[in-house]
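Structures follow.
What follows is subunit A paired twice: with subunit B in the first complex and subunit C in the second.
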Partner chain A sequence: MVEALLRRIGATLATAVLATGVVFLLIRAVPGDAIGEMLGQSAGDPAAEAALRAFFGLDRPVWSQYLSWAGDVLQGDLGTSMRQGLPVWGIVTDAFLVTLQIGLVTLLVAILVGVPLGLAAGSRPGGAMDMLVEGFTLVSLSAPVFWTGMVLLILADAWLGWAPPLVYTSPEISLSDNLESILLPVLALGLLQAGAYAQFTRQQTAALLRQDFVRAATARGLPARVIFGRHVLRNIAIPLVTYAGLILVQILGGVVVVETLFAIPGLGRTLLAAIQGRDYPVLQGALLLTVGVALMVNLLVDLAYALIDPRVRGA
Partner chain B sequence: MRRGRIEWLLGGGLVVLFLAISIAPGLFAGSPDAVAVTRRLEAPSAEFWFGTDETGRDVYARVVHGAGSTLGVVATAIALAGVLGGSLGALAGFAGRLPDLALSRSADALLAFPPIILGVVLASTLGTGAGNLILALAIIYAPVFFRVARAAALMETGRAYVEAARTLGHGEWAVLTRHVARNVAPSVVLQCVILFPLALQIQAALGFLGLGVPPPSPDWGASLQESRNYLTVAPWLAIFPGLALLLAAMATSLLGRALQTAGR
Partner chain C sequence: MSDLRIDRRSALLAGVGLMGAGLLPPGLGTAWAQGAPPGGNDLYGPDDPQARRGGTLTVAIANEPPNLDPFHQAGDARTAITVLMYQGLMYEHASGQAKPLLAESMAISEDGLTYTFALRRGVRFHNGQPMTSADVKYSYDYVRDPANGSPGAADFGAIRTIDTPDDHTVVIRLAEPNASLPMTLTNRFGCVVPRDTFANPQARTRLSQQSVGTGPFMLQEFRPQSHIRMARFPNYWVQGQPYLDGILFSVQPNAASVLVALRGRRVDLALLARPQDAEQLQGQPGLSITSAPSLRQCSLDLDCNHAQLKDVRVRQAIALSIDKRAVMQAAISGKGQVLGTIPAAMQESWGAPLESLPYQKTDPARAKALLAEAGLGDGFALDLVSIIGFEWMDPAAVTIAQQLSAAGIRLNIQRVELGVWLNAFRTRNMRFTFNDWGTQPDPHILYYRHFHSTPRGADFRNWNNAEADRFMDAGMASADPAARKQAYLGLQRVMDETVPTIMLYSPDLVTVSQQRVRNYVQHPTGWWFGLAKTWIAT
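Let's look at the complex of A and B:
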């Protein structure tokens, strides 16, 4: 168990190192860099360009830049934004908190809508409710999430005459304004992930109902309500909880486009702006955080499985 | 009607329809670039089924002509990813040890990124245009094919027929290409259908972010980006290209589900 655990953590770390290396190489391959734009009118002056390059360390070979960046990261220093002159850590974590709030509220919506739908559909496979839920998951998983957002904007205007403020308010300033500004993005993302949750819950429930112990319970004459509550719910609770981790990672990734549509200053928009402005330190920091969170959640999900379910431990 | 049959009929029918539209858009609609300046931003009518856009172009014609480029990019990218990831995966599962370790770690590193974020980075690195978009999408999905093919190859390599082929004196290369690869191929093909709707969403999102095929191409994602400024004035500009994306994704995921059930 301990050995498998250590191996798993080691593999995750190796993946993280490799992924950040890939990122480092990739973004330096992006045509054009920040220097030309920074110089503005004096662009083309080779002396000024060389001086700026040396200042940001861009004149050194990529591997040496990577090593010094990685060394700083290990000491908790993500560097300084080339554009804003602020520490990357602050920029990236501020943006991440915005995205995380949307992610967590979305997850809540997805669970509250998706799990009951999935349970209803899975408890009677092939029934009318199952067909309805099937249709819902199909549409919600097929619609591009930013398009769902656009349709919500159109409907809000046509039916309610309401246009959401396309300005983000932090919950510390005003919770009600904050909720108003994240309402439509959360709904758009929530509809998508509710579909995913409903599909997963349905599969789990339907598969469980086919198990021998459920048949045995039915044969013993236990009422369906008791079988459902005592046997089915208990058994699918674990996968449903761990699935939340995977869904959260998906939301944090998918939020990029939605943040652009609704002008939310989250991690996704920070990342896009950093790419457009060739702000390497911010881009590296944002990507490191994204990949780090994704790897960490995946690791935790695997660990949770191993802790709860002894059958997984040897694997 | 049985559930599987609905999936086949609806999914298959829609796929055939989208194929026809992609291959011969001229049969379904007029020119996507014809401009009627006096008829800007007109609501859907008998003459313009999906309305007109800000320069007076027919939205219906643009959606129809956008199918080929939108779906073509995704199909080519998936095929490329399948060939690339599939062959590397089969090789890794068959060869074992060092090549497997190196390839598997690289695939894991790419899979660590959420697909859309990897897409944004790759598309900005490579630049806009259909060819680069295909390449970016192929790099995103090749690791998925790699994993599927590797797992299948690992399973096949342990089978008795591989041992038999080796005993008969066939070279390693022959065993890989003639026996293992052929048995790995079906899972790779199934994966193509499963990944298509996901890749389509990423393609659309990149188009929406301005990182896909640039205007005036009638690409669906790019059309959605152009429609943003007219959301409340001319909602049809956003509704119809999005519906096309929705239906295309639905068609392929229905087909994927039907194939999966049939394979079991």
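Let's look at the complex of A and C:
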């Protein structure tokens, strides 16, 4: 198992190196660079442009820029943002922590809402509860997150006269202010993912209930509560954990959209601004971090199997 | 009840002021000596005797500056904010005049080549250091040296030497007369920072964390994609000002969230990115809405080297096909001013009357005839470049496509990303495109770089018009306001006839504020100068 994990980490690292190389080349193939935004329509002095380009090392050949960037990364230095002049490491980790918090809280909401709904629906397929849950799932899965977010924003304003706080507060400064600032983004994303979770849980539960061992347990006269608690839940736990890993990655993708909608300074907005401003170091740093996180999530999911499933533990 | 009152005051001020623009004729020696009355002045807006100190004002901004470096960042979003932290020798007064700011007075030699500035005393930088002539010399020498990569370098190109006979006098000598020098020394690129600020290679990066200007507010915190916090500068040179303890600029991702924040009273003040949004706030209790002409222009640019646009008759036909009022109606529900050849806030003072310009009217028949003359009687296809993220361009493009189709021009609309567009613009490959830009209220600064032929100008539109060059050079060299105006009227006539650009309209500056916000006056640049005199009623 350790060997398999190591192989997986190795493969992901290789992918990361490849991906940064590709992004490095691609973003430079797009017309315009960081100088464009700095000069705007005040451009026109070739000497000033050349000086700026030299200042950022943009006058060097691309391969030489890549090599020096990769060399710095290996020494733990992600470089300095061309637009903000701040260290990239600080920019991307600050932004990522914001995104991660929203992602994790959303996942929690999705599980707390989606799993019970899915269990209730799956335990009596075709029943009234099943129909209700199916309706919820359909609506939440088919509404795009930017639409849900916008609707929540407008409804909160129109019905409650409430608007989200203007400035995002991090949880270490004030947890209550923080929760207020992430409330709408989490709801918008959480509703979507709760629908996905409910559907998945329902299928798993319904399939499990048709299994022989459940029938046998019922025949032996075990109460439904015990069958559910001891056998069904335990058995669907593994796919639910796998699903959590998948969903978390999906949520992190969705956070990018809600960040833009709700002015949250997370990784999504940072990436968007870096692309628009051609801030190559931030873009590359953020991508590297994203790849690293995907690796971590996969690793954690594998480790979680080991905790839940004794067969994996021994392997 | 909120009221939508159209504030014509700024427009009128702009008109009156510019007639006496800038400077008295050379030969008079001292042009004017203007000291600030004790305890205040009319810079940044009127003093308010009822003003009370205290409180933090929250302002919503839709365009976030990439950084707060007044020397290396050209964007309007940067200037709008940094004017509160950094000051130049001069100030772009709402009237359109350059007035002394860190200078107390300015004298011009008879030949118009030597400007002598007496500096204001008792001015300190945010780091506590007193400001002297050496700081002014350092700052302006830094900007004008192209090796330092400032987008302002070209503006300062007219300067030959800067001398400092004593701590409080700065003498600037020009290579040739340039009547816009005082406006150049204002707050876009003319900021003064302590000498040797950039001796430290890290200095550029620090400007987004710490301000080193002389302005009424100091930078407290800049959190990209979120907010900018400023605090009152306790040693500001105007006693008792500013009134606010602090300002919080909150970056809002879109126009809708600004409206929600205003209605939810989360923000005190906002400048609407879409002036037509004011309609959605009407009737909202506690909000006051003002509207004024701006220095911004939404326009169509024509690359005179591009395909059919090489033929001046084709450009004229396009101009005659366009009904600017209909475009403005579609783009911003008509909440702006239709333009001729100059932005709205400069029209009364420097603009040629629209009715005197033959290509400002809509005449489809004449347009068709011109195209037939050019051998394009059967019509032709043309790409119009629109920039992603500029909302007004989409409805405007559809309207213009309709209008041009009457003359037989089939418009294909191409949407490009801003970075790509800027690159094409800078390398003079703009083709036929929308543009959206602003200016300081001086015709030289407005026109010269954009329209003068290379190498003196950047001639982004490949216009290369010798007659226009002569008018721009005359406008730059003359210190006599009447002669300057004549030169710029001549330029506008050539511009109207040969159509390197079609200025469509200036969107109005629509400011929305909560009732507790007092004495905020919107500057026609759209920059936040007015906050220096704003106070909060309790």
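Observations, loosely collected:
Keep in mind that, in the parts below, the second predicted complex is superposed on the first by the 280 of 315 C-alpha atoms of A that agree within 3 Å, B and C clash if a C-alpha of one lies under 4 Å from a C-alpha of the other, contacts with A are read in each partner's own complex, and residues count from 1 in each chain.
Following the convention adopted for this analysis, a contact is a pair of C-beta atoms (placed from the backbone, for glycine too) under 8 Å apart; a residue touches a chain by one contact, two chains touch by 3 or more.
The shown structure was predicted, so the numbers you read here are calculated from the model rather than taken from an experiment.
Contacts of A:Asp157 after superposition: both subunit B and subunit C are touched. Once the two complexes are laid over each other on the shared chain, residue contacts for A:Thr260 go to subunit B and to subunit C alike.
By the document's definition of touching, neither partner reaches A:Phe24: not subunit B, not subunit C. With both structures placed on the common chain, the touch criterion links A:Gly126 to subunit B but leaves subunit C unconnected. Of the two partner chains placed around the shared chain by superposition, subunit C is the only one that A:Pro165 touches, whereas subunit B remains out of contact.
After overlaying the two complexes on the shared chain, residue contacts for A:Ala47 are found with subunit C alone; subunit B is out of touch. Contact with subunit B, but none with subunit C, is seen for A:Ala11 once the two complexes are overlaid on the shared chain.
Of the two partner chains placed by superposition, only subunit B is touched by A:Pro144; subunit C is not. In the superposition on chain A, A:Gln250 makes contact with subunit B only, while subunit C stays out of contact range. Residues 30-31, 150, 153-154, 157, 163, 260-261, 276 of subunit A lie in contact with subunit B in one complex and with subunit C in the other. Per the touch definition, subunit A reaches subunit B in the complex via residues 11, 14-16, 18-19, 21-23, 26-27, 29-31, 126, 131, 134, 138-139, 141-147, 150-151, 153-154, 157-158, 163, 249-250, 252-254, 256-257, 260-261, 268, 271-272, 275-276, 287, 290-291, 294-295.
In the complex of the two chains, the subunit B residues touching subunit A come out as 3, 105-106, 108-110, 112-117, 120-122, 124-125, 127, 197, 201, 204-205, 208-209, 221, 224, 227-228, 231-232, 235, 238-239, 242, 245-247, 249-250, 253-254. Residues 30-33, 36-45, 47-49, 51-52, 55, 80, 83-86, 91, 95, 150, 153-154, 157, 161-168, 260-266, 269-270, 273, 276-278 of subunit A are the ones that touch subunit C when the two sit in their complex.
By the touch criterion given at the top, residues 58, 60, 64, 66-67, 69, 72-76, 146-155, 157, 204-209, 223-227, 248, 250-254, 256-257, 260-261, 263-267, 417-420, 422-426, 435, 437, 449-450, 457-458, 460 of subunit C touch subunit A in their complex.
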